[in-house]
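Paired with chain B in one complex and with chain C in the other, chain A is shared by the two complexes that follow.
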Partner chain A sequence: MPKCTIDGKEVEFKPGENLITVAKRAGVEIPVFCYHPGLSVVAQCRMCYVEIEKMPKLQTACSTNAAEGMVVKTQSDPVVKGRAGTMEFLLLNHPLDCPICDKAGECDLQDNSFGHGSANMRHTEERRTYVDVDMGPVIEKNMNRCIHCTRCIRFGEEVAGIHEMVAIQRGNNIDITTIDGNPLQTEYAGNYADICPTGSLTLRDFRFRKRAWMLKKTSTICEGCSKGCNMEIQHEGNVIYRCVPRENLEINKYWMCDEGRMNYHYTQDEKRILNPRSGATFIGWEDAIQTLKDQINEKPLTVLVGSDLTQQELENILEYTKNYHKGSSVYHFGTEGVFTSAQDLPVDKILKMKSKTSNLNGAEKLGIKSVQEMKSASDVVLVFAGGRANVQSVTKKLEGKKLIGIGVYSLNEAESFSMVLPSLSFTEKDGTIFNHQGIEQKLKRAIQPKNTIKAISEILMLTANKKVKVGAN
Partner chain B sequence: MEKHLSEKFYLAMKKLEPRYPNKKALILPALHQAQEEYGWLPKEVLEEIGTYIGVHPAQIREVASFYTMYNLKPVGKNHLKICTNVACCLRGADELMNFAEKKLGIKCGETTSDGMFSLSEEECLGACTTAPAMMANDEYIEELDVNKLNHFIEKMKVLKI
Partner chain C sequence: MRQNTLFEQHFWKDSNRSLDYYLQNMNGYQAAQKVLKEMNPDQVIEEVKKGNLRGRGGAGFPMGMKWGFIPKASEKPKYLVCNADESEPGTCKDRQIMRYTPHLLIEGLIIGSFAIGCKHSYIYIRGEYVNEAKLLNAAIEEAYEKGYLGKNILGSGFDLDITVHRGAGAYICGEETGLLNSLEGKRGEPRVKPPFPAVSGAFGCPTAVNNVESIANVPHLIRMGGDAFAQLGKIDKSGGTRLISLSGHVKKPGVYEIQAGSVTLRQIIEDIGGGIINDKKLKAVIPGGSSSPILTADEIDVVYDVEPLMKVGTMMGSAAIMVIHEDTDLVKLLLRITKFYAHESCGQCTPCREGCHWMESILHKILHGEAKPTDLDLLVDVAQNIGGKTLCALGDAAAGPVISFVKKFRPEFESYIKGQKRYA
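Coming up: the complex of A and B.
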């Protein structure tokens, strides 16, 4: 492979790689604003200046491809001066309202200003101000903070496939806005807030709720659909504040849809059932397990499992029914109209899949049949669901039967059940799931579950145990 | 979609097309041609140009708003564009602007109520050797002073063009 030198270090590169990528491999970070690995290169912000030997002027690293024998300096005097100059220009109109800005703490402008700019400013003129348009329910706009990197415009055009952000006018009068001031239409609008290098586009859902540096981060997988986008749950004090995508070039690249991003809300909803519930009253675990035992009583059962459960939970359920309820039949359910992975097609050209549950593929791998093939059901039906599977689609089919729900249920869903035993949601458990491509990925526990809910494995163990001793509650 | 642009526009575009390496390069001449027909560029026209060239109308809008010579708002019959850049400024462009504003009774960027005159500020017209300069529609008027400008406006008023 060809080699070039960056800050005295020799690095190999593939032809066509730009200097930012190559430098990153050499452990050299070049500051950027407009460059994003998932978007086209425009070299607009002029922050990534580097000095290249035998070239008369500073070059932008994002738009310069590495070449054999190239000698690049990223810390020389002209570069430092050039970056400081760029920073000064970029901050001319920036309001410096970091104390009240949601981006503070994870802001590229803040970081690069600290690292490459000056603490003093020579500019005394009045700053330009804008009246902001309403960009819809997902994104809040603050044009005063904008540095015109045009990442949002390129994201819409190249990734979301809808050209809805535009740059109107030019120079100092430039306004980055939506066409005719319309609200955003894309279902991937949350990404605008992620890629914005300033606090210009922020997430309404997260606005003023938590400072970025207080959040703890847990890397997990989105359970919104069978795509299995990699994401990070950001939480503090056992409360989830937001979910952001993680880079995975094989699956979701750098992006995530709004549905998946806002999906976590149901796990903290006040309508979620957090205590065992029999009929319309809440009961203790000891009573609940006893009632469950009396009702199922080693008979063959019809067991429905949501395809939103993890591989481990599904295996537990299969093993339990095999050992304690011989002759039972197990079916998986999830999304109405999507019963097999062959029916699970992409909804759009970006990420979304038809199956609104994450582990349809895994359930099939374990040989579980679809609920569509269910001909008849036992009098008592066990329904396991992880919170995402469409419970209503099966309760309709099973009218007249005695339904016992185990998993994550809301009050509305619980009405059709004679009993509900609360279990863990995807934010509270570990486990693995198979996405639609067959890639196995790991869910990780982000927050501690309430002590009134139990894992499916524990509920099954207590039910199987003849002499029950229930710990908590 | 209803057509807003004339056959003449499409003929002109056909003629120009071989001159450029790709169709996208037609955006600027297309906008000029359309402005010649309409006097300004309404939203529907921008959309039609976008469809014709095969780029999103939003991109056409971005281009049209980038250049000051495209009018995104209706303008009067006579569009006076006074240069206020360095050379003209030193030779009294501000004075000319004040005079024109007073004479026409409008502010810079506005149009008279009878639709005869629009007044706007222009970036460098490249006529620094003959500063101060202005453009009246497509015509250059150079080495201006207040008398000359007054005379010009009076002439236009009489001619009613």
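Coming up: the complex of A and C.
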């Protein structure tokens, strides 16, 4: 492999890699604003200056590919002065409203200013201000905070496949806005907030809800569809405040869709059933398990499992039915019209898949048949679901049967159920799922579940026990 | 000194722009004939290299070398784009060529296109040149009619179309990659280089961008041969003649032609321009368009060409000379120049977007007696944070005048700051 030298350290590189990437490998962080590994390189912000031997001017590291024998300095006096100059320029018109800005704490402008700028302000002129456009339900615009890095424009054009963000006017009057001031249309708008290096584009859903530095972060997988985008649940005090994508170049790169990003809300919704219920009344777990036992006895059953459950949950259910309800049939369900992974096609050219559940592939791997193949059903039907599977699509096929739901249900979903035993959502459990490509990924528990709900494994174990005895959680 | 000019003798008469005149008095289309019938592309490029033809758009880059960068084996189409944006303040030489000798430009485009393998050439002309665009289109039509353009030109099997594309009035679209974006219908913003246009230019294809005057020189060069063309230049590495746009406080402003490197700046001002109006004293000269660093009256005994001017810390640029006499307020002038660059900044890169406007504000304060003593150094520091740090050369264009004006005429700025002089 060819080599270059960065701050005296020799580093290997692959041809075509830029100096930001190569420097990072050498443990050298070069500050950037406009550069983003998932977007084209425009070299507009002029933050990433480096000095390269034999070149008279400072060069921008983002637009310079490493070359054999290249000698790069990232800390020399001209570099330090160059960066300070850019920082000063960027802050001339910035409102410095960090105390009320949601980006504070995770803001590139703040961090780079702290690292490379000056605490003095030599500019005494009036600041430039803008009138903001309404960008629709996902994103809040605050143009005064914008540093014109054009990441948002490039994200729209290059990733979301829509030219909706634009630069209008020019020079000092340049404005970054939407075409004709229209609301954003992409279903991937949340990413605008992630990639904006300042608080110019923030997520409305997160607005004024939590300071970024207070959030705890749990790496997990989005359960919104079978793509399996890697994401982080950000939470504090057992409450989720937002979900953001995590880099995985094989699956979602740096992005996720809005549906997946906002999906977590149902797990904290007041309509979610969090106590065992019989009809419309809450019952204790002992009663619930006893009633369940009485109703299913040891008869062969029809068991429906959501393809939103983890591999471990599905295996538990299969094992339980095999051991205690010989002759039962188990079917998976999830998305109407998508019964097999062959039918699970991309919805667009970006990320979304047709299957609105995350583990269709895993259910198939365990040999579970699709609900489409269900010809008849037992009088009592057990329905297991993790929260995403489309419950209504199966309950309407089972009119007249006694339905018992085990899993994550809302009041609306449970209307046709005789009983519900609440279980863990994807945010509250560990487990394995297989995405549409067959890649195995792990869910991680971010939230401590309420003590009124139980894991499917525990519910099944209690049901299998001869004597019903439910201990305290 | 200026007899048998290649261009100037044909200027100022409307009838000279016709194809007939061109054929009868200017050996019209003979160079194209020679190239298409007797030469191969490599030979043409070799000849242009021999002629030491440097780009006339501002940077003075050797034209043969630029054409040589266009990859021979390319699946993609290749483009020769003529830069007729002529917007550097003080420059008006390309306009003369388009007005009076448009066929020279067309013939140059034929030869250049043949040399680099272009089948469709564009002339990107500044929006304000409404008339010139019309004249060019009329000349192009004439050329099509007579078989100098279109399919199978002069029976050679070579095809070429030319399209005139009008800009919308932005200086930045004279920068070659800004021009290409605008040509493609995008925002007129310069592109990051590399890739250079020779690799990925118009529509992502290999492209050479050349100034009007550069291209219009090619027929002359081919007709007289590279060596003879090179010898027209009286200095190393600069062949042919140069059109200069002489303006400001001279008695006879105008567009003149000189043999490259044959005269000093003083000779241009005194002999060609007839000296300073009202026989005032010379104060300063901006030698190569408003972006070139200013020279004092003592610095004008310099040969007027690319390298000598570089040696004295300025540049030849677009060869637009602005002569400034003793009564001129340089603070006002610098504010005017800075305002221009701030207004024309495309706004994509930070130092230029923010810095040019800031320099304008500081200069405004100085002029209006609102500045602090430290503001002058601040002004220079801001200029230094722009110069050499921007994505395209507009930043340098804006910083150069500020740095040089303050360095050479500091007391004028200080007298405003100290309140000794007031804005009138």
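The working rule: the second predicted complex is superposed on the first by the 472 of 473 C-alpha atoms of A that agree within 3 Å, B and C clash if a C-alpha of one lies under 4 Å from a C-alpha of the other, contacts with A are read in each partner's own complex, and residues count from 1 in each chain.
Keep in mind that, in the parts below, a residue touches a chain if its C-beta (ideal position, glycine included) is under 8 Å from a C-beta of that chain, and two chains touch if they have at least 3 such contacts.
Values in this document were obtained by computation on a predicted structure and should not be read as measured data.
K.L.:
Both complexes share chain A, so when I overlay them there, do chain B and chain C fit or clash?
P.N.:
Taken together on chain A, chain C would clash with chain B, as the superposition shows.
K.L.:
I'd like to know which partner A:148 touches here: chain B for first, chain C for second, both or neither.
P.N.:
second
K.L.:
Does the superposition put A:212 against chain B (first), chain C (second), both, or neither?
P.N.:
Touch status of A:212: no partner.
K.L.:
Does the superposition put A:42 against chain B (first), chain C (second), both, or neither?
P.N.:
So A:42 only meets chain C here.
K.L.:
In the superposed arrangement, which partner chain does A:398 touch: chain B (first), chain C (second), both, or neither?
P.N.:
A:398 contacts neither chain B nor chain C.
K.L.:
Look at A:85 in the shared chain and tell me whether it touches chain B only, chain C only, both, or neither; answer first, second, both or neither.
P.N.:
Second partner only.
K.L.:
Tell me which partner A:464 touches in the superposition: chain B (first), chain C (second), both or neither.
P.N.:
After superposing on A, A:464 lies clear of both chain B and chain C.
K.L.:
Just checking: does A:164 make contact with chain B only, chain C only, both, or neither of them? Give me first, second, both or neither.
P.N.:
first
K.L.:
Does the superposition put A:179 against chain B (first), chain C (second), both, or neither?
P.N.:
In the superposition, A:179 touches chain B alone.
K.L.:
After fitting the two complexes on their shared chain A, where does chain C collide with chain B, if the options are 38-46, 182-190, 362-370 or 380-388?
P.N.:
Residues of chain C that clash with chain B lie in 182-190.
K.L.:
Looking at chain A, which of its residues have contacts with both chain B and chain C?
P.N.:
In chain A, positions 167, 169-170 sit in both the chain B and chain C interfaces.
K.L.:
Quick check: in the complex, which residue numbers of chain C touch chain A?
P.N.:
Within the complex, chain C touches chain A at residues 170, 172, 187, 192, 194, 342-351, 353-358, 361, 378, 384-385, 388-391.
K.L.:
Please name which positions on chain B make contact with chain A in the complex.
P.N.:
That would be residues 43, 56-59, 61-62, 65-66 of chain B.
K.L.:
Where on chain A does chain B make contact in their complex?
P.N.:
Residue positions touching the partner: 157, 163-164, 166-170, 179-180.
K.L.:
Mind pulling up the chain A residues that touch chain C in the complex?
P.N.:
Interface residues on the chain A side: 41-47, 49, 57-58, 60, 63, 81-82, 85-86, 88-90, 92-93, 122-123, 125, 147-148, 150, 167, 169-174.
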